[in-house]
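Please find the structures below.
In what follows, subunit A forms one complex with subunit B and a second complex with subunit C.
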Partner chain A sequence: MRHRRVILFSLFGVVIAVTVGLLLLWALGYSALEGYAYLLEYSLLSRTALFSTLSRAALLVLLGLSASTAFASGALNLGQSGQFLIGAMAATVFGLFVNLPAFLQIPLSLAVAALAGMLYASIAAFFRRRFNMNELIVTLMLNFVADYFTQFLIAGPLFEEGRQSPASPAINASGWFPVYKGFDTGILVALLAFILIYLLWNRSKTGYEWTIMGQNSIFSRIGGCPNEENFTKAMLVSGALAALAGALVIMGGIQHRFMPGIKANYADDGIMIAIVANNKVVATAIYAIMFAIMRTGAMGMELETGVPLEFVHVLTAITVLFVVASREYSQYLIDRFSAFLRARRISSRIEDYAGRDSSGSMD
Partner chain B sequence: MHSDFIQMRSIVKVFQPATVALDGVSVDINQGEIHSVIGENGAGKSTLMKVLYGMVAPDSGEIYFKGQKVNFSSPRDAVKAGIGMIHQELMLIPSYTIWENVVLGAEPANRLGRLESKEARAQVQALVDEYDLGLSIDERVADVSVGARQKVEILKLLYRDIDTLIMDEPTAVLTPQEIRELFRWVSQAKAAGRTIIFISHKLAEVLEISDRITVMRRGKTITTVENKGLDKSFLARAMVGRDVVFSVSKPPQEPGQTILAAENLHYTDADGQKKLDGVSLKVRRGEIVGLAGVEGNGQFELVQALVGLIQPQQGSIKLKGQEIVPLPISKRRELMSYVPQDRKSWGSAQPLSLQENVIMTHHMTNTALQGRLRWMLSRRKTRQLANTIKEEFEVVVPNIDVPFFALSGGNQQRAIVGREFMLDNDLVILDQPTRGLDVASIEYIQERTLQKRADGQGILLISTDLDELFSLSDRILVMYRGQIVADLRPEETSPEEIGEYMLLGAKGGDNE
Partner chain C sequence: MGLWIEILRSSILAAIPIALASLGGAFTYYTDVFNVALEGMMLVGAFLAVIGSYFTGSWAMGLLVGALGGLVIGIIFALFAVYMGADHFVTGMALNMFAVGGTTFTLRRLFGIKGALVSSRIVGIPSWNIPLLSKIPVLREVISGHPFAVYIALLLIALSHYLLFRTKWGLRLRAVGEDAQVLDSLGVSSRRIKTLSILGSGILCGFGGAFLSLGYVALFAEGMTSGRGWIALSVINVSRGRPWGLLLVSLVFGFFEGLGMSLQGMGLAPQFPQMIPYIITIVAVYVYSRRERRVKAA
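Then we have the complex of A and B:
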């Protein structure tokens, strides 16, 4: 029953957000319904549109799961963007210097990227366990380190001679994700990761211990769970997921090289998705797909109706606000209202009683 | 004596989302009487008094004070009208001296707003002398006993010229001696014309000091009676709604082998406070060892050292002959069951379901819960276990997916005790297992504890409730300043004797 309620509140939030978006478009003088129609058309209604939405969704699912796995177990990993870049760089380096048959090259390249992301996240886990340093701050700072370090690499050691701007050379073609009729097989990596993470959270001992630790770490400690180990595990899994997203950007798509700006806003979106999804695995995937639809469709909307691309950012912000706020606040309002009704029922019953029995004795 | 001194009429209070705390409660308090409000935990006693004190706004109902309708919107208004309240948790600043705590919020100041400390101090001293409270007012609150802190709260109200005093379970944390002294003071205050409202669930105390008694049950006033010719069973029946057994039956039993042997434990905390000062104790099979003591004398640290939450600097702990000091909590929990004193923040994860809360520790120790692979947990088997605990320990919930916070305190504790007892370890540590529970749950948990004893398991029971210690324990140990100062059999001692050890560390104060 509680689950249904949660879903209901989330839907309510989405509906409100969409309505507010409509009003906003209408107030700005655009044809609102038409805009939405193009948004859907350019994100879902053709094969290319659908596949490019799915490619984007794959990245957002991985980054969203990275954030929600960390947050739900109480590990505040905000280093998705750093781990993403390190993962992308690891895949690039591997793809530049190793050349194996594709059936080995692709999984190995993914494994190397995931490992690099784990290593990068483990720095924060180590500082937390050894010196009790706040992982939130350490991971945030390491984002800058990753950013400048990768920029240095593509401007220096990995710079492709003859280019106008910094970028690495393209990786060996054996490491490219095969594309079937526009469908980037990298998407399957995200699907596989989603299934594994779902099993981890819902079927494994570690997932159970993460759940308890995320809600009350003293309780899990007293219960005998190895909190410190579980914290490290959560950081590592979170780092690996973010790094896989980085690898997907290099190994999929058309460029196949590390260029400035590849991280775009993916990492921040991932954190936002985790927050909207309340760190739940399935909800994270659903919101990731929804965000991907909006981001991809936005270009079509701009093309056809002139609604600026940035409008979608406003729309996602509104969605976040309404979903998160309605989750917390509508529960509160409903509770308050039901308490009020209950109190009124009791008072009126007492009055009836006093009216019938004017002596007023109560027992 | 005015009979229309305080009248509360049809007070209704519903807490969110739908907890009916006060279901149309009416009560009259006469001037100059000691009026007890009794009821089980959760009956609404404290809420009713917080409504009178302006701390909780009622949803409906009226309050008349000295014939006038009043509507206190904050405790400040109530205090101004002369009504004061002492809460269960004392509200003092530990690092301030006693007199500073007393004047805080009502400081005498000169025209420039500067504190007239000399004058304030003198006023406080005068009150201490007048009421013979025996406090030295320059001591810091952090350095004095719980009993003394309670006196400071009383002093605060005297200083503000309070003539109606609400005391919420004042005896819960006191030793028998301190309770004597409190009662002496309460009678004295009554003689001086003050009105005292005394909230309690301890029937003997209520019968001893009250003029009139109001009984509450599930948010309703059941009756208000003159305290003449009443007895405990009458009050208990009114309070619980059925007959209550006052003592559980404990058949005599010879204890078996030693299960737990702690030797010479020393622990000094991060602030340099010596919390354990050479503690040694033994718990044998089929034996309940009770641990008494004023809170803060090292009982809590002892439990933490046994469970593995703190590392004693010296000493050994042997469990079934095995040294466990070097073992981590996870290994120790394979050998001992532990019910922590704080069921909300230590014993459970409140937002999660009953099922998730009761499989804790089982998920590690019980290999039968594994799924197809070793790292998995079988959904079917964990649900089965949760249902078994729910049935076996009579946890009243519609199903095991209900979030833990939605359970009443009694049901939460049954679930926690059920979880720990089902672990089936030979050593059980119970830290305040029945504090704050309803009578039915207390009886139930005490019976299950005795059953564990009959099964031949060793039990260490820490409790501030001396009645509980006397009815369950085979031996009662008393802790005082990090040492165990007494080891007595309940048949051969009395609550007063235990109280002396709790307060002074020795009989007749011959320590030091």
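Then we have the complex of A and C:
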């Protein structure tokens, strides 16, 4: 019952957001419906479009799960973008200096990236546990450090001679994800990660303890859960997921090299996705696909109707606001209404009592 | 000597946007609103200030429009977080994204450009030589001749200190953070005060952003606030929202940013000096947490 209500109000929010998007496009003088039609056409209605939407969705699923795993267990990891970059860099370095057969190279490269992401996330986890430092700010600041550090690497030690702009050389081909008729097999990594994270949350002791800790950390501590350890675990899993997304960018696609700007808006989108999905695993995947459709389709929309693709950034932010507000405001209204009903029941009972006992024993 | 004066001068310039944003955040700090939208408010302020200056040819209009931009984000924040009961963190994050998306979108739409808007039509904030200050030997080289908004910022800090700690309104504002229900039971709307504090933080952050884009430089670049709103958040924590305290902490940040910029000219890879403000922020969080622990232990 409660789930149905949450889903209903989320859908309601999406409908509002789509409407607001239409109105906004219309107000700006674009043909709104046509724009939406192109958005869908360029994200779903051809094989290339569909596969590129899926590739993007794979990244967003990983980053969304990274954020939702952290948030739902009460760890405010906002370091997805840094962990993503470190993961991408680890995959790049591994791919440049190691050359094994593909069946070893690919899994090892992913493992190295995940490990690097964990390591990077563990800095904030360590500071939190050892010095009680707020992980929110530490992870955010480490994003900038990772950004500058990777920029330094591709402009200095890893710079490929002869290029105009900073970028690393391409990684060894054994580390590239095989592509079957346009389908990037890296997508399967995200699928696998999704299944594992789903099981972790719903079928494991750790997942159960995370849920309790996220809802009430004092309760979980008194109940005997090792909160400190669980916090670290959540940070590490979150970091590994973000880093895997980074590895996917390097090992999949066409370029296979670390270039400036590869992080795009993936990490921010991941955080938004986790927020609209209320940190639920399945909902995260669904919203990740929705965001991927919007992002991929936006390019087509720009091409055909001239709407700048940044429009989609605005639209996703508005969607998030409306979904969250409609979810929480409806909860608030329901709470108020039930409080009102309770108050009326109590007051009528008092009146009954006063009516029955009219002999004046009160006072 | 000349280099150090240069560093000190640039540290004042770098400190002011952070000081203004954290001053704004101080208001919400006292009303117990978890305001993570500082970054977005600053970004919108920086963007609209440039737009205002570009189209009107006046830096004053730029500042005004920038502050108004911050105010608008504040209004949305208050509407969602205070009146609709949405989670503060979530609302703030969504607004930050909205700021990033909105500014890049408008930049594309108005000028058809990506990246940065640089134009001779953007009028920056003029510098000011305050008669008295420019008479002091040595010190005048550091504190005189800044964009005049620096001095306005100092006034604002003094004013905020007075407002927060010497007026009835300030007392109520701080009381909201302590226990909002007590205020409501006494007939003072805690929601209204929370809303006002958010609007105030919006204006100040917008102003801080405007200073960044019109005082520090005269251009707008996508995402140019680059974490300053978050740095401001940790400045507030370290200084516990005390206006003069946060000015001091901001100056420390400004100093390291200025130092970083000077180091960039000295043959070091530019990326490492650029990391300095962020690493300093982590150090600041460390200092804060150590002190918290001492307070708890005492």
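The working rule: the second predicted complex is superposed on the first by the 333 of 363 C-alpha atoms of A that agree within 3 Å, B and C clash if a C-alpha of one lies under 4 Å from a C-alpha of the other, contacts with A are read in each partner's own complex, and residues count from 1 in each chain.
One rule holds in what follows: a contact is a pair of C-beta atoms (placed from the backbone, for glycine too) under 8 Å apart; a residue touches a chain by one contact, two chains touch by 3 or more.
It should be emphasised that the depicted structure is a prediction, and the values quoted were computed from it without experimental measurement.
**Student:** Now for A:I218: first (subunit B), second (subunit C), both, or neither, which partner does it touch?
**Tutor:** The first partner, subunit B, only.
**Student:** Which of the two partners, first being subunit B and second being subunit C, lies in contact with A:A325: first, second, both, or neither?
**Tutor:** A:A325 contacts subunit C only, not subunit B.
**Student:** Is A:V145 in contact with subunit B, with subunit C, with both, or with neither (first, second, both, neither)?
**Tutor:** After superposing on A, A:V145 lies in contact with subunit C but is clear of subunit B.
**Student:** Is A:I273 touching the first partner subunit B, the second partner subunit C, both, or neither of them?
**Tutor:** neither
**Student:** Do any residues of subunit A touch both subunit B and subunit C, and if so, which are they?
**Tutor:** 332
**Student:** Once bound in the complex, which stretches of subunit B touch subunit A?
**Tutor:** Interface residues on subunit B, with respect to subunit A: 10, 12-18, 20, 23-24, 26, 59-61, 221-223, 307, 309, 328-330, 332-334, 338, 340, 345-352, 356, 359-361, 363-365, 371, 375-377, 379, 403.
**Student:** Where on subunit A is subunit B touching in the complex?
**Tutor:** Touch list, subunit A to subunit B: 2, 203-206, 208-209, 211-212, 215-216, 218-226, 332, 334-336, 338-340, 342-344, 346-347, 349-350, 354, 362-363.
**Student:** Going by the contact rule set out above, which residues of subunit C touch subunit A in the complex?
**Tutor:** For subunit C paired with subunit A, touching residues are 76, 80, 84-87, 89-91, 93-95, 97-98, 100-102, 104-105, 107-109, 226-227, 230-231, 233-234, 237, 269, 271-272, 274-275, 278-279, 281-282, 285-286, 288-290, 292-293.
**Student:** Which of the residues in subunit A end up touching subunit C in this complex?
**Tutor:** Per the stated touch rule, the residues are 28, 76, 127, 131-134, 137-138, 140-145, 148-149, 151-152, 155-156, 265, 268, 271-272, 275, 308, 310-318, 320-321, 324-325, 328-329, 331-332.
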